Amino acid sequence: MTTEKELQEALERARQAALRVLHQGRVATYIPELGKADPNLFAMSVHLLDGTKASIGDTDRSFSMQSVSKVFSLAAAMHAKCEDLFAKVSVEPSGDAFHSIVLLEEEEGMPRNPFVNAGAIAISNRLPGTTAKARFEYLRRFLGDMCGEHPPEMDSNVWLSETNTGHRNRALAHFMQHWQVIEDADGTIDTYFRQCAISVTAKSLARYGLFLANKGVDPLTEKVVISAEENKMLLALMTTCGLYDAVGQFAVDVGLPAKSGVSGGILAIVPGEMSIAAFGPALDGKGNSVGGIAALQSLSNELGLSLFN
Amino acid sequence: MTTEKELQEALERARQAALRVLHQGRVATYIPELGKADPNLFAMSVHLLDGTKASIGDTDRSFSMQSVSKVFSLAAAMHAKCEDLFAKVSVEPSGDAFHSIVLLEEEEGMPRNPFVNAGAIAISNRLPGTTAKARFEYLRRFLGDMCGEHPPEMDSNVWLSETNTGHRNRALAHFMQHWQVIEDADGTIDTYFRQCAISVTAKSLARYGLFLANKGVDPLTEKVVISAEENKMLLALMTTCGLYDAVGQFAVDVGLPAKSGVSGGILAIVPGEMSIAAFGPALDGKGNSVGGIAALQSLSNELGLSLFN
Amino acid sequence: MTTEKELQEALERARQAALRVLHQGRVATYIPELGKADPNLFAMSVHLLDGTKASIGDTDRSFSMQSVSKVFSLAAAMHAKCEDLFAKVSVEPSGDAFHSIVLLEEEEGMPRNPFVNAGAIAISNRLPGTTAKARFEYLRRFLGDMCGEHPPEMDSNVWLSETNTGHRNRALAHFMQHWQVIEDADGTIDTYFRQCAISVTAKSLARYGLFLANKGVDPLTEKVVISAEENKMLLALMTTCGLYDAVGQFAVDVGLPAKSGVSGGILAIVPGEMSIAAFGPALDGKGNSVGGIAALQSLSNELGLSLFN
Amino acid sequence: MTTEKELQEALERARQAALRVLHQGRVATYIPELGKADPNLFAMSVHLLDGTKASIGDTDRSFSMQSVSKVFSLAAAMHAKCEDLFAKVSVEPSGDAFHSIVLLEEEEGMPRNPFVNAGAIAISNRLPGTTAKARFEYLRRFLGDMCGEHPPEMDSNVWLSETNTGHRNRALAHFMQHWQVIEDADGTIDTYFRQCAISVTAKSLARYGLFLANKGVDPLTEKVVISAEENKMLLALMTTCGLYDAVGQFAVDVGLPAKSGVSGGILAIVPGEMSIAAFGPALDGKGNSVGGIAALQSLSNELGLSLFN
């Protein structure tokens, strides 16, 4: 077991590793609002199952979840006991970019996994509620309830920015409606844009992810978020599909289930031990936080966290 | 820790699980010699790090390694300290079938990972030796030496059968020679056909894999096969790329690094604990042993082996 | 030169050829309203440059233009002297299905040619007018004016049917908006759905196409519809891109510039001689009228019309 | 009808048009021997059906046929009355590069048309003869016999150069053997490399193509080379598939059936009128002679040759 002091020292070295590479990355600009982020920001937070916490860097700086939200919307849909959640979404790595429409055509509208954009849109469509906003509210309350806290807020500027520019995701939604994978492209895409705009900090993100390190049960509130079986599935999916088309390299370098987002957040899980959130808006060519990945690699090596050791 | 008795009981239940599904599979026929296999065969062997062994079923029945050999040829190339092994082979899941040539064209001859056929051919090309046979002999001796045993034999009928019919793999080799990923398509493909024809049993396969469960060191001979870093890489690659286009479902259902072959063999590793070999020539639609997967899923659930628990 | 009597006899034999194959086809059902068509209908009309006309079959039966409208919207955009019409639309055959989105991703939103759906949507977006309806009205009036007749009507049922089900085309439009090929996906798609619903008969369709056989000038009203250069381009595009993915076989069998639509219409042009319209709602597997193609092949052979003789 | 004087003047202007653009092109280098060509060379020859000839530029300079040979090997296979020539080769434009292997995988080894490399290799495999050399000799003699001349020679340096470097074409051949489209990849590819190396001049190439302008009959020897039906098919295929992925633009700009090769030759046919050969080794980005295309466009416009006028 790692002591708090060892953890804090390992975090410090992780931050050093991140700072060395931040200059190699660039903030995402395809959503204009994200382009305003400061590429020099970096934060990392670790929550252990017993409540021990450690943080470093800009941990109170808020950012939008973006694709990290895909983990929580899937967990929320599992929590809501949605039936046949995987009848129209596969569970295989895509081998293509996260927003690709090519595979969707080859496979008749069925997304490769719930973490490519198309798959996440299809899952959001399944959240309880008949309107975009109701489905989104379900997700927000799900996050708050499991931690016994206020639900997170949505960053309206990010949401508006995605609404105005997210034509590619809209194309994915209409394409899936053509194949009857979803029913209402316009409504579904709004749920999706809203969930991507959920505002978190490195601290709160690590807190939200804690149930994933504890077989689906939040260890502090003791609430059963999802079943142990569902939790195993989520971690397996994060491992094989969580980092866009860098999932193989991440498995080699870090060796943990994780999910990244274009705002620069990464959530990584050490089963039975801890939840880790990294944040750094400077991204590499594959859309992952350069600082986040460097810090996670350092931490994983220092503490021997890789599943493949 | 699992006792020998628990292990044997779990193997019995795994066999039951396998027998229930064998009828759903079919033996591979694209290599004519493989088409002669008995679809009702099934075997499973487990080797623990301390030398404890347990087996069930047709564990003395020999079969050709086929794609399971890709793990060992990569390990042998690492062992031989080949430089820049990954300069012309990526480490990402392909999202396509194992023998696809499509991605190879998009990515200018660079295979997606060392476990798709193209990648494995490129790695075989790097084994020490200037002829096909010399490279193959290096691999055979590598396997024997690490266990302190005789090197395994090659099944000449399988080798001839592949030589006569392996036009698709020959196409992959020539395509890579076009892109200067390999130098000598004809020689390289012969090394590859030979390694696929290496003859093993479930018992010997589990024995060969033992170093993978022990950070790269064979626990019985104490020989350093590959470094701990290289071993971590191999296990990560097996997890994200080891089961053709069923890697995501396998991670969900079994949750272990593994590599399958079309003769019906699967090698799975529990890091720090054990090496498992399953064998059953009846394959599912994605080319994986139906019995082998069912047995591994049963064993993983019974003993709580999944990395994602 | 063909006499009227020879023409009428050739039409009769063309009809016989069509009737023999009608049973092989099926009416399109992906637009529900089209599914109501009678698969036994067949009509063919020929207009010569000197005003001679000949017709056979159900030539007063009206049908919606569907993809045949793509020829006229491109002509109308040329007529309106739209600048840089081909800055964001290529002129090459696609090798893929007419509604494919795959090439659109590979080529960053730039449609392969103006006759695949994506290309036609991009062209419709360029028609004069700031609203969907204004652009559509321009096209209707263009058709009426050039012939000195009333503009054709739109079939509201077909338009509504496409509006309710055209999710795939909507996906194409949003995808192109992402790549800034068009500005307003929702408005553009409405123009497109409207133009596809323009109602014609075999007679009126052959009449509308007459300028294409006469270097861009309507031979009866003597109005210059487009320039001789633009007309040459249209005929070249019809020859290489006009029959979906059956363009090669059609060039072999018929050898004329042509454009087909899923309602069963085909417009074919013999440069310097005649305009031919065929109609038969029973389609082959590639979306072309089986009767229409058989009749055109018969007529082309009888009268030696192929450009490749 | 064009007089000899008009023809010569038009050729002079065509040459001017070519010389203006030669600097934009580059000689092919992927076959090393072709890289030695002088990019400033240019030649054009025209043969009329009545025996009238006109030439300009370096018309005695020899070059290897490369892909232009695909027209003649298909004609030779038709001449030899090979059965079911199109049972395993389609007749549609590919929409992809000429040497692409992607479509071949999607379509289970069946080439899109006889003018992409895979299709031409499959056709060469059908020439009479049981060895590579015998099939090649059949083609050579076919060319000589139809004109009553000596058969053309093969450029051994070019043949050797392709033999040493043509790994991509070898991959295509092995891939087709996998799908049983051809039987003997190694032998077939040698026939293909030999035919590509057939040595011609602009004059001799225009001479060989004369039957194509005359419904399949050589107008000077009066030998029936292929049937009128087969000739129509060849011209249709040249129009829809003859210029790699520039076939649409060529139809717009020149409007004639044509076939180009990477050595810089282009053969174009005006049905019922003339055979035209252009030569210029400087190629555009799509592998077509820049000078050849400019000259053909000039000639087509001057003399009103386009089929789409």
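Every chain is named by a letter (A, B, C and D) in the order it is written, and numbering of its residues begins at 1.
Just so it is clear, contacts are C-beta pairs under 8 Å (C-beta built on N, C-alpha and C of every residue); 3 or more make two chains touch, one makes a residue touch a chain.
Just so it is clear, the structure is predicted and the values come from calculations on it, not from any experiment.
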item	value
Chain D and chain C - chains in contact with each	none
Chain of greatest Cα-centre distance to chain A	D
For chain B placed onto chain C, the superposition rotation in degrees, Cα atoms, nearest 5	180
Interchain centroid distance [CA atoms averaged], chain A/chain D, Å	55
For chain A paired with chain C, centre-to-centre distance based on mean C-alpha positions, whole Å	47
Chain A residues counted as touching two or more neighbouring chains	none
Touch relationships between chains, expressed as pairs	A-B, A-C, B-D, C-D
Partner chain D, residues of chain C touching it in the complex	90-96, 103, 112-113, 215, 228, 231-233, 235-237, 239-241, 245-249, 251-252, 255, 257, 271-272, 306-309
Complex contact set, residues of chain B against chain D	100-102, 104-106, 167-168, 170-175, 177-178, 185
